[in-house]
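Presented sequentially are two complexes of chain A, the first with chain B as partner and the second with chain C.
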Partner chain A sequence: MNIRFDFVIHWLWTIVFALLTLSGLAMVGAKYGWILNYDIASADYVHRVLAAVYVLLTFISIAYEVVRAVKHEEKKLAWFIIGKSGYQLFTFITTLMFIITGAIIWVCMDSNMSATAFALYIHEKLTYIVVASVIWHIYAKCHALLWPKKPNTTDKKNVAGTK
Partner chain B sequence: MRDKKKHHFLQLAVIFGVITLLTLLYAWGSREGTMSNTGMMGASMGSMMQSMHAKNITISDLIKQQEQTEMASGGMLSHHEGGSAGIKLSHYLTTGIIIVLLPFIIAGAIFLGVVWWR
Partner chain C sequence: MMQKRWFKVFVWFASTSFFFLASGILISELGPEPSEQQTMQFMMGMMDAMHNSMMGLSMSLEHDTGLKQLVGTASYILVPLVILAVLFGLLVRFRGKRNAR
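After this line comes the complex of A and B, so read on.
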């Protein structure tokens, strides 16, 4: 069984992002608190731990792309989360924004309320944009979720006949 | 016009759409006379913080360190003092990962930006 690196990273990253979205939305305010039964402390803890995993996965992905760039590998990785065009580029930019604003909130929470408020505002509004874009992404790529159909016998014969 | 490959997605989207609509109608119906939608309870954390702290900020406000707020210096610290060793360990570990990896992530992003679009 040939498991590709980009495929594994894609789904690890997806699971972590989904959990970060749920725990993050639970902390947004009273209107979404029901997601985790208003247990804001657990949401905060889960969000912080998963944020570190998210940063780690992003670092691994960027390091992988840097190595590929140094080796001049041009082959496009279809499942990879970052890339130079399309939704991969969108994910790359929004991920950087999430990480930088998240780090500002993390570090400045006790020392600079203006910076925290500014970063929190961007972090939250970006979430809505990215969640909407994920729905579009699933729609655009839903063919990838279909189980590969085994070629039936008549197809095999046709293929053999053409050879 | 209709793509057969998208059929399952559209089916799922319609079901979710109907559930969302019914939930919204129920929420709007039951809220009448109980609480105002525009109050503090209805606002998100980002919007609240924006109106309370980030309305008239300047660039310098974002950079300079402020004096420790009462909540940060006293309340928060004493609140976390009681935390278990596991929580403290995970706090140091996660903070360490983020602080250490952030410069490498930014550097890698700049490098890829230069390499991809040169």
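After this line comes the complex of A and C, so read on.
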């Protein structure tokens, strides 16, 4: 079986992003706490650990793109999370914004409240935009949801009959 | 891989989860304001996170002078590194265009 690198990164990134969104939403405020039954400690723990994985996956992807650029490989990777145009470019920019604002929240939480508040605002609103964009992305790529067709036995018989 | 049935189930599961997340946002935003009990539960959860999770750990690291120095050094070299990375990227692009010609 030939599994491509961009395909693996795409789905790993999807899982990590979904779990990050779930744990992050539970921490947005009292309105959102019900999502994880107000277990903020677990949400915080999961969010921080997965954030590290998210950053790692993004940096691996950027390094891969840099190597491709150095080798002058122009072939577009259909499944890759980052790229030069379209939804790949959108994902690249929003991911960097998530990482930068997330780092500001993590580092400045106890020292610079205004920076933390601004970063939290961007981090939260960006989440809503990106979740909406993922819904659109699923709609645009809905052919991936089609169930694989079973080999039709009656068709085979008909074909065999014509021979 | 995309033709495998177990993988299709996973794709359906992953896609559906995003619809649940979007629904969660809509329910929270458009729903009624949280009750006093829910607000207290959230605050208790936050306090619990500070005591038992990495939130408290990261706050205690604020008093770590070694770490602060490291963060300061990292911030200091960040801008030159970003400029270098941009210059390197431009160099790679221009070289690629020249080779393409």
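In the analysis below, the second predicted complex is superposed on the first by the 146 of 163 C-alpha atoms of A that agree within 3 Å, B and C clash if a C-alpha of one lies under 4 Å from a C-alpha of the other, contacts with A are read in each partner's own complex, and residues count from 1 in each chain.
In the analysis below, a contact is a pair of C-beta atoms (placed from the backbone, for glycine too) under 8 Å apart; a residue touches a chain by one contact, two chains touch by 3 or more.
If you're wondering where the values come from, they're calculated on a predicted model, not measured in any experiment.
A.B. asks: Report for A:144: first if it touches chain B alone, second if chain C alone, otherwise both or neither.
C.D. replies: After superposing on A, A:144 lies in contact with chain C but is clear of chain B.
A.B. asks: Name the contact category of A:41: first (chain B only), second (chain C only), both, or neither.
C.D. replies: After superposing on A, A:41 lies in contact with chain C but is clear of chain B.
A.B. asks: Name the contact category of A:121: first (chain B only), second (chain C only), both, or neither.
C.D. replies: A:121 sits against chain B, while chain C stays out of touch.
A.B. asks: Have a look at where A:69 lands relative to chain B and chain C in the superposition and call it first, second, both or neither.
C.D. replies: It touches chain B and chain C both.
A.B. asks: May I ask you to decide whether A:134 touches chain B, chain C, both, or neither, giving the answer as first, second, both or neither?
C.D. replies: In the superposition, A:134 touches chain C alone.
A.B. asks: Considering only the touch criterion stated at the top, classify A:30 as touching first (chain B), second (chain C), both, or neither.
C.D. replies: both
A.B. asks: State whether A:11 touches chain B only (first), chain C only (second), both chains, or neither.
C.D. replies: Second partner only.
A.B. asks: In the superposed arrangement, which partner chain does A:99 touch: chain B (first), chain C (second), both, or neither?
C.D. replies: Touch partner of A:99: chain B, not chain C.
A.B. asks: Considering only the touch criterion stated at the top, classify A:59 as touching first (chain B), second (chain C), both, or neither.
C.D. replies: A:59 sits against chain B, while chain C stays out of touch.
A.B. asks: Using the superposition on chain A as set up above, list the residues of chain A that contact both chain B and chain C.
C.D. replies: In the superposed arrangement, which is not itself an observed complex, chain A uses residues 28-32, 45, 48, 66, 69, 106-107, 109-111, 138 for both chain B and chain C.
A.B. asks: Using the touch definition from the top, list the residues of chain C that touch chain A in their complex.
C.D. replies: The contact residues of chain C facing chain A are 1-5, 8, 10-12, 14-15, 17-19, 21-22, 24-25, 28-29, 31, 33-34, 38-39, 41-46, 48-49, 51-55, 58-59, 62, 71, 89, 92-93, 96, 99-100.
A.B. asks: What residues of chain A sit close enough to touch chain C in their complex?
C.D. replies: Those in contact with chain C are residues 1, 3, 7, 11, 14-15, 18, 21-22, 25, 28-35, 38-45, 48, 66, 69-70, 72, 106-107, 109-111, 128, 131-132, 134-135, 138, 144-145, 147-148.
A.B. asks: Once bound in the complex, which stretches of chain A touch chain B?
C.D. replies: Residue positions touching the partner: 27-32, 45, 48-49, 51-52, 55-56, 58-59, 62-63, 65-66, 69, 82, 84, 92, 96, 99-100, 102-103, 106-107, 109-118, 120-125, 138-139, 142-143, 146.
A.B. asks: Note which residues of chain B are touching chain A in the complex, please.
C.D. replies: Counting only chain B, the residues touching chain A are 5-6, 8-9, 13, 41-50, 52-54, 57, 61-66, 68-69, 72-73, 76, 87, 90-91, 93-95, 97-99, 101-102, 104-106, 108-109, 111-112, 115-117.
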